[in-house]
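Structure incoming, see below.
All chains are identified by letter, namely A, B, C and D, in their written order; residue positions are counted from 1 within each chain.
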Amino acid sequence: MTSITYLEAIRAAQAHALKEDSRVFIYGQDVGAFGGAFKATKNLAKEFPGRVMDSPISEDAMIGMAIGAAIEGMRPIVEMQFADFSTCGLNQIANHAATLFYRTEVPCPLVVRLPSGGTSGGGPFHSQSLEAIYAYFPGLVVMTPGTVEDAYTMLLEAINIDDPVIFCEHKFLYYHLKAESLPTTALPANKARVTRPGRDATIVTYSAMLHESLAAAAELSQDGYEIEVVDLRSVKPLDTDTILASVARTGRLLVVSEAFPWGGVAAEVIARVTAEGFGLLDAPPQRLNAKDTPVPYHPALWGTHRPTASTIASALHRLLKL
Amino acid sequence: MEQQANNNCKSTTTGGTLEIASDLYCQAYRLMLTARLLEEKLAALKRSGKIVGGVFLGRGQEALSVALGIHLRKGDIYAPLIRDQAGRLAFGEGMLDALRTYLGSALGSMRGRDGNIHRGRPREGYFAMISHLGAMVSAVCGALIARRFRGETSIVGATCIGDGGTSTGSFHEGLNLAAIEKLPLVVVVANNQYAYSTPNSSQFACHHLVDRAIGYGITGHRVIGNDLADCLKVLQKAVAAARTGGGPQLVVADLLRLIGHADHDDASYITEAQKQSPLGRDCLILAQNTILEKRWMSQEELDLWQKEIEVEIEATTTRVLREPAPDPEEELWIPFATSHIHSES
Amino acid sequence: MTSITYLEAIRAAQAHALKEDSRVFIYGQDVGAFGGAFKATKNLAKEFPGRVMDSPISEDAMIGMAIGAAIEGMRPIVEMQFADFSTCGLNQIANHAATLFYRTEVPCPLVVRLPSGGTSGGGPFHSQSLEAIYAYFPGLVVMTPGTVEDAYTMLLEAINIDDPVIFCEHKFLYYHLKAESLPTTALPANKARVTRPGRDATIVTYSAMLHESLAAAAELSQDGYEIEVVDLRSVKPLDTDTILASVARTGRLLVVSEAFPWGGVAAEVIARVTAEGFGLLDAPPQRLNAKDTPVPYHPALWGTHRPTASTIASALHRLLKL
Amino acid sequence: MEQQANNNCKSTTTGGTLEIASDLYCQAYRLMLTARLLEEKLAALKRSGKIVGGVFLGRGQEALSVALGIHLRKGDIYAPLIRDQAGRLAFGEGMLDALRTYLGSALGSMRGRDGNIHRGRPREGYFAMISHLGAMVSAVCGALIARRFRGETSIVGATCIGDGGTSTGSFHEGLNLAAIEKLPLVVVVANNQYAYSTPNSSQFACHHLVDRAIGYGITGHRVIGNDLADCLKVLQKAVAAARTGGGPQLVVADLLRLIGHADHDDASYITEAQKQSPLGRDCLILAQNTILEKRWMSQEELDLWQKEIEVEIEATTTRVLREPAPDPEEELWIPFATSHIHSES
């Protein structure tokens, strides 16, 4: 019995897209013969000669080039070596790619893959979660898959979408997370999923925090609590309906995110739920984010900086008592 | 000193002895005149309150601008910048889109969503600049790479920038990318001595901006920016070189902008000495003089052109002023092209 | 009787700081002899020779240079020509300036002045409000003054603070907003202010939207409603206490911001109020932001894209009926 | 071809005939050896799981790195990059901070908050790099401008970068800023032929990276990166030129990194031909051979040095391994320096 990792799913989606769609090509640092810093494009340069191109260390130009190619009908996938380095390309993403369709009616179908989130020893510059930055700018789709299956089907959808997609894949899941096989059907990327049904409270989360949340939910089930876990999958667009339906069932909401605490997905979810589903809430909605400092290097600090199953469980216990 | 440093770079060329045909010269002149007169109209429309946003004019830079646009073909990529009214006309824009965009007509290519110089028709290879200087260089590279994927040859991608824009990281990254990929890219730098009010001395320290070419391993060209013949010659050479596999071409023109940065700027920072120097001569007058001296056209013929252009400008302005403004009630306020994405955002 | 504009207050604060503190200098495009695109540094180069320096068009290097100077004990003020161009310097701000103190214990006292927000005809690239982007990153102080007095005292405080400050000054207020004189005392920058006391609902807002909100409150007072208006002044840190105290008085909350709608200040305020003051709310908290597209050029579109006194008044009426 | 293009740039210098004193050479060698042995220890600590994050080594680049550090003085600014263990030691770091930072000791200069190569003591002119390549160039410029404001002269700011880092917009903007302001900046580019796996051919297209100097109007220097004498000579010249008002200096070294990009990389992309070429020679062995050939030191003396260094590394490692890790419970999780700002965030 073989199994496939989250990282392999990303590779497989790219291989599939390269095979099926001649408009697709990949551009990024070391993505060619080397197969990428994380090996997400391993062997692809060999399988698809000329279509997996090494770029110079020029994040601004990498995105700019993808924009020009997209205007001309291609479907570029840009790999950032780490999400953190995409700040050097932000201008092209936020001001050029994101505004193009609104300004000119010409679509800008490109995908920027961001290896995101923290890992032990990653430190301040190789650990950031930037989905909130991109979701702020009108015109960008921001996907945050948290399962192997979603990594595969959502990346395929990202490539097919006519808009620029920021694809936040989580490095912590790359090798750990495994599935038996790749799915043949898919939930649309703009739909959230109830991963675990429940009754007593809803956790809304995404990406790596899905798994910490599921672990916390499992822990609480031993105390007899049934926690519903909603995986957002995409943070823009954001599937408010699925969230509201869950809160309608449970009456309590905890939003869990690995991002820094100011603003971001957690605040956006709470603002939507309170505006549209205030009456559904039996207790004040809560959020749990990482701490408001750069992501620390030392594993002991890092383990405290981000939410974990244990801090999520504590937050749930507090929420259930409110 | 400057010359010397420049001569050290073998890759640098200048116009040389190539001869420009009189009909090309006159055609270019007509486009320059059109740009000049159209921009005068835009300035007047701004003064009378009909245009709301900034008005950025290319006065004094028409020869350079037109010389690039006129050497491009349908199917090429063109990403003009702030002061390229002449080049835009040469590339085939027509004055309708310019007036519509400045005046915010709902019928223009930008439909009131974007304004003034931020216009284009990307589907037709005519890219719409974003304000952030330098950003268009790599975008044109991407378009050229798309064409290469499709096996298209003999095409050129061109973009323009000012002396100030060369200081952006974006310019550097884009030019370097073009050099690595040996793309048929022409980048025209209009060194009009100032970026807004900032003189060259606070913008760069090399002897001449064309010296940047050697650092990228691409061909550099110098051109006298207010001499239409030189502009036509050098741009012809540069565009042809790019088209025939010569890789990226960096063309640097020396000239002066004969007007402020935008409508509100009196350009008092431009020194009298500069205005009196050869740089300060008006390319349009110089070109007109040449046409008359060489007897390619008579004063009467030139006057007739001017009339024709003025009539067209007036007619187009009148038409556009009657066109509907965008209706905010009818706007969908959707930034996405993908239909199933709208619904959820 | 003379009066002083918001822009003149910004100039005066800089003049004051240059005069009092030899560590202060100004760096930016055209800020020298020309006095800046908006004339915020008019005459300063002449008054303070060598201390008001023209920069090349290099936003990344402008911030980088300010960081190095700040490390060496200077107090640089960087003027971005428009807030929109600061995206080109984001990396140095978010990853270098913001992390420096946490990483090294060496403070990074610099101020980045961002001429922010929309004006008629400004269009997509000269109109953005980016406070939410900067507030996301740990280590940055983000100020958003909405009055002439605050523009003056808060800029002085920004220069004195030992941390990097993103100073979001609003272009729409530059020439319109006037005061009789400059203040001699100041509320600390991290305190919000109740600008208009009320009873029936609270508007939390900041920057140019303060004035639209005050106009809406005045309009509603004709119908007998007393709307309290809280001016955040700074969005990071965010003065939750003052907001909660206001909501305690009124029971209803509308957050008004000119920013794009996803995330940002409005969501953050609502998430805080619902987490910490859920019981104070008599109705679901609402928010009013700009629309989720780039900022349009045409005045008719722009006037609909951003909140105005009239759309705020409508939102208040809806809120009062909830 | 390459040489030719290079000779066209008048501003380029090489080591020339300057003589390096034997004691300086031997002192530099000792620092190189210390760096090499320390890094071997770091690699071992990584393999045994004691170091959690990446380990980035400078094997093969010690001669270049040390040559910069050794010519700097207390009071200068130094912003090293990934492969500068030798230069850091030369600038006075001592191995304690290196081990503490890699091992995450709470007592190190970064207190476990940042790791590996991301360390420094900015108060002492020793800047702590951020990962984003190119970013340190303008930061050093800023420090030099601060010094200029204070009227300090005779100081130098230096930073290092790789061939790949030269493609960043940040590098361009920083170098251009330095040129405009004529700052006493030395930028050392270690062209080790690869950026991670990416060869020079996908990184730039100029004949030699030193050709960039002319585009900024600054002095360029070439250096043989694995020849300690050449490195010492060229860096001495470049640092002295910067110190005495010669403006920014761009030093470009040709060499090879003799190890992978980081601990997980076997560098199989480096070609056999390159390894066998003069570029592939180990600077440490070359330097040792020179010392022995010139009889500046005996083999026994060198062996004694090695012993001493090994003892110090072992002792320091043992000490640091016993030091406390940062305690998350005691962390305040405050990113602000200003006390009244904390309370509210």
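To be clear about the criterion, contacts are C-beta pairs under 8 Å (C-beta built on N, C-alpha and C of every residue); 3 or more make two chains touch, one makes a residue touch a chain.
Just so it is clear, the model here is predicted, and its values are computed rather than measured.
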A-D or C-D - the one linked by more C-beta pairs in contact: C-D
Farthest chain relative to chain C (centres taken as mean CA coordinates): D
Inter-centroid spacing, chain D versus chain B (mean Cα positions, whole Å): 43
Whole-Å gap between the CA centroids of chain C and chain D: 41
Separation of mean Cα positions, chain C and chain A [Å, integer]: 30
Centroid distance [mean C-alpha coordinates] between chain D and chain A, Å: 36
Per-residue multi-chain contacts in chain C, two or more chains: 55-56, 58-61, 84, 87-88, 91, 95, 98-99, 102-103, 124-125, 138-139, 236, 238, 291-294
Chain B, residues touching no fewer than two other chains: 110, 113-114, 118, 130-132, 167-170, 173, 176, 180, 202-204, 334-335, 345
Touch-based graph of the chains, sorted into line, ring, star, complete or other: complete
Complex contact set, residues of chain D against chain C: 77, 109-110, 113-114, 118, 120-123, 127-128, 130-132, 134-147, 149, 169-170, 173-174, 176-177, 180, 335-338, 340-341, 343-345
Chain B contact footprint on chain D (complex, rising order): 5, 8-10, 167-173, 176, 179-180, 182, 201-207, 211-218, 247
In the complex with chain D, residue positions of chain C that touch it: 25, 51, 55-56, 58-74, 76, 91-92, 95-96, 98-104, 106-109, 138-139, 141, 161-163, 188, 190, 236-240
Touching residues on chain A, where the partner in the complex is chain C: 84, 87-88, 90-91, 94-95, 98-99, 102-103, 124-125, 132-133, 135-139, 236, 238, 259-260, 262-268, 270-271, 274-276, 278-279, 281, 283-287, 291-294
Sites on chain A touched by chain D in the complex: 29-30, 32-34, 37, 54-61, 82, 84-85, 87-88, 120-126, 291-294, 296-301, 303-305
